[in-house]
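A, B and C label the chains in the order they appear, each numbered from 1.
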């Protein structure tokens, strides 16, 4: 920061590296193996946060050397310009991650588990997600927050697919409230809506596929898929969320409905489709300061460390235990109304332990059991003829500055 | 900077993000569509300038997360070592952008328009351009500047084309003078020459293609092309430039002739070719401090903001209005003397408005009308059977620190 | 660093750019040309070292914009978390370069030559090398050092080859001692062992190829190769090293034996293979402070500059002269026990001159003569039918901060 406070510059870090693997993940007879590594490693996030401020203007550029599946590529988390001249308000333009719900508003260094629930990841990537071109803003008060963004393409969309001749437009809306607050209790209520007015038009037309791995970021084959949905006119999603903190205990849950409208201009128009997903997560802070509510982002944040880890003085940092049930159903009508594809369903049970020796370091250990229904069409058909289930155990090392 | 002034370290930023699209850009009957997006976004420059200095030695490394067409890749703007121990002189070795004319010497955060005129871009990329390996120097005085560089390959040339077995060598020369200066008037005269003594030899031999988009960086199909010129022995370009500032008004213009010598060893030698291009640009600063001449780089720079934007105190920053006419003719003899290709011609009319709320932030809005003659051969033939014209409207958000 | 010393943050640089080429490198009659450029350039290392420290915890992230062959890609040198709370000990987890011998422990800005000897590069990449996921530590005392790491995949392994379904595991061990020390003499003795318990399993099975260029980083064709070894069960390497400093003179040498165990489950099991390599290097510091021993890394480091280069005051920095003989033999039984491949042998004679005008800048000039025996199989067969030899002259510009 400069002496007159007009200027500041900072460099921050979020480093997350994962090691773990899959046990008992098949294949069943007649299925091909799929990529379920017994023991492997992945750089999940290696973000360098560069921030320049001049008076009310803030520029952020954040390269990311990590990957949500297999590391080795370099990308961008965000690059945007912000105006903070209005009270409790941030106006943003540029590549950004518009926050549509509590799980997106939590910073990725603060998650209870390695990954967000699948349904949240699928919905946020419709018109939001990492490095989405956004124009909009967020306003918060102590008891509520509202955010809205007009959005375009993601950074790199058109270099990954050079046949895109018409780019996506969309929007993300969030309202969040905190109707009851006391020393021991935080009640949180939220509502989210997002839409892609149109999706990218490439040489394959306006096609969209919902697909995700099993909430484990080790590059495994994505078994869950809606199939490649063709002639997509519009996609939208909306849903409520609820959270309750009672002393050291935090309960969260969210439901999303996803609607896919098709282009009805053809002679044999494809039907509209509806998908659903939800999660319920419970968290208990065994020692350390429990997860608390941050009004500025309308989200619960990471446990606090009161005294840094120091066994000689009986200081142990913070430790929290979490459990989650997450269901995503991408199956609607048979063959999704067309031919050659289908959708399927995924259920994930997850348990996790997070230890914070101090405010900058975190070690995570997650166990997951997943169950995925079979695929009768599409690219992952051969890997998932009979439905698959399995287990994963993954540890994460995290440093944030 | 260290207390004894021997050391300094800094991190700078140039962030430019564009949003806009094309209107009425065809295709005409019989042409394929081409990539003329109605509304899309692009990260044009996301440069992080890292600079270390120890006494007279300066090391620069500047990653760039932006792209001149479709974002999503990560590259390098520069990485070089400089010696500044001689008065008014910088000696440079390493990946650099050798400045061959006024439009190249202007920093890319200071342009009147989104992009340089096409002819300037084509000429500077012969043996200069971004991240060109260069050995040379620049010397300036109050009234003149001279710069010369021996140059090699560009960063990444040999990873983009792994069949290169003989790398390019070339050179860039610039002389610039300021014959008349008064309070109201700056007269600028410059001369530029560049050559590729030999171009990269790949599995296709020594081949070179001049091609450019329509001075709009949104990833559209490049309609202007010389065709792929084979058996290239040497390429050179030279031309004069002139600029005149009168009070708040700035007029600039430049002409380039490009010569392509062929390898005459074949039984049916290909002819030498000559191409031409020029531009004329006019600029008026409506309010704020007008564009001024910077002797150190021999170029006109961005308008200055006297009081930061603050409507309550009737401060509005700076605003400038620009217009430009730019013509590039890459057509010489029929079929460029061979078979299967031809060259064509592009004319671009452009108008732009730039607003500077303070010294770090800029908002640009450009309108362009382009007219391109037809292609009878080469890769863009199907897109441009009849000649194409169209319009583009693009805005840019810029932050520089 | 913060006032209470709990925090520190720094950004360091290692920039190395090379210019040079090959002379008299063939091809002989009947051979295809290969990529032996007469004059080209390469960004060898462009590393930005970001380091955050909080008390005993240190996080490092180091992007690298350089390349060991042809520049243009962006990668990662390291990204790890370290605990330094035990005396003279560093515990490390994450992407790291585990140091297995003196040549690996020398920082890459301190090498006597442009590149390490080929056998050292081949051995360190078995289970170590740049950006290898590592869990382990290093402990040093004034007279000895011991280091050990369990290792996994390299950053990017699974994005370069997306068919990997079982990731590599391995280990690196180093012991180093300094049995005799006096003002004029440093005697160094070391021992190294490394192993890949299993190598990556891809669609080609568990296959491994030893291959290297001629200790010159200009993207030339790798003539030395073991051939693609199939059914690899385990790879190990071990060997002693010795170094002696006498006043301004430093002599170093190392021998490695490499063993390749095959999977013996087939009906016609492939034989185990053994390869060898060694180098001897001599170095003399003509002026400046000679290379000295650094106990913390158990390696000899770069000459010191007592007075910065300043001809007016007769200060010339430091200058050192080096020579090296390096032999690598990757040929064992005919066809390596299989069909369609063979191994060959490389000898490299190298001479180098390094000038340090000050502690941050270095200019290198290397001359090399290489002799490589013929390939009768594998992908480089056509380029090396008769055995090849040649010469290379390369200069390097280096800045380190």
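Things to note:
One rule holds for everything that comes next: a contact is a pair of C-beta atoms (placed from the backbone, for glycine too) under 8 Å apart; a residue touches a chain by one contact, two chains touch by 3 or more.
What you are looking at is a predicted structure, and each value in this text was computed from that prediction instead of being measured.
Chain A maps onto chain C through a rotation of 120 degrees [Cα fit, steps of 5, range 0 to 180]. Counting the residue numbers used at the interface between chain A and chain B, under half appear in both copies, so the two copies meet with largely different residues. In whole angstrom, the spacing between the mean C-alpha positions of chain A and chain B is 39.
Looking at chain A, one finds that residues 11, 63, 74 touch two or more other chains. Taken in their complex, chain A has these residues touching chain C: 11, 13, 15, 17, 19, 33-43, 46, 48, 63, 65, 67, 70-74, 219, 308, 357-361, 397, 399, 401. Chain B makes touch with chain C in their complex at residues 9, 11, 50, 52, 54-55, 57, 59, 61, 63, 74-76, 79-81, 93-95, 133, 152-153, 155-160, 162, 164-167, 169.
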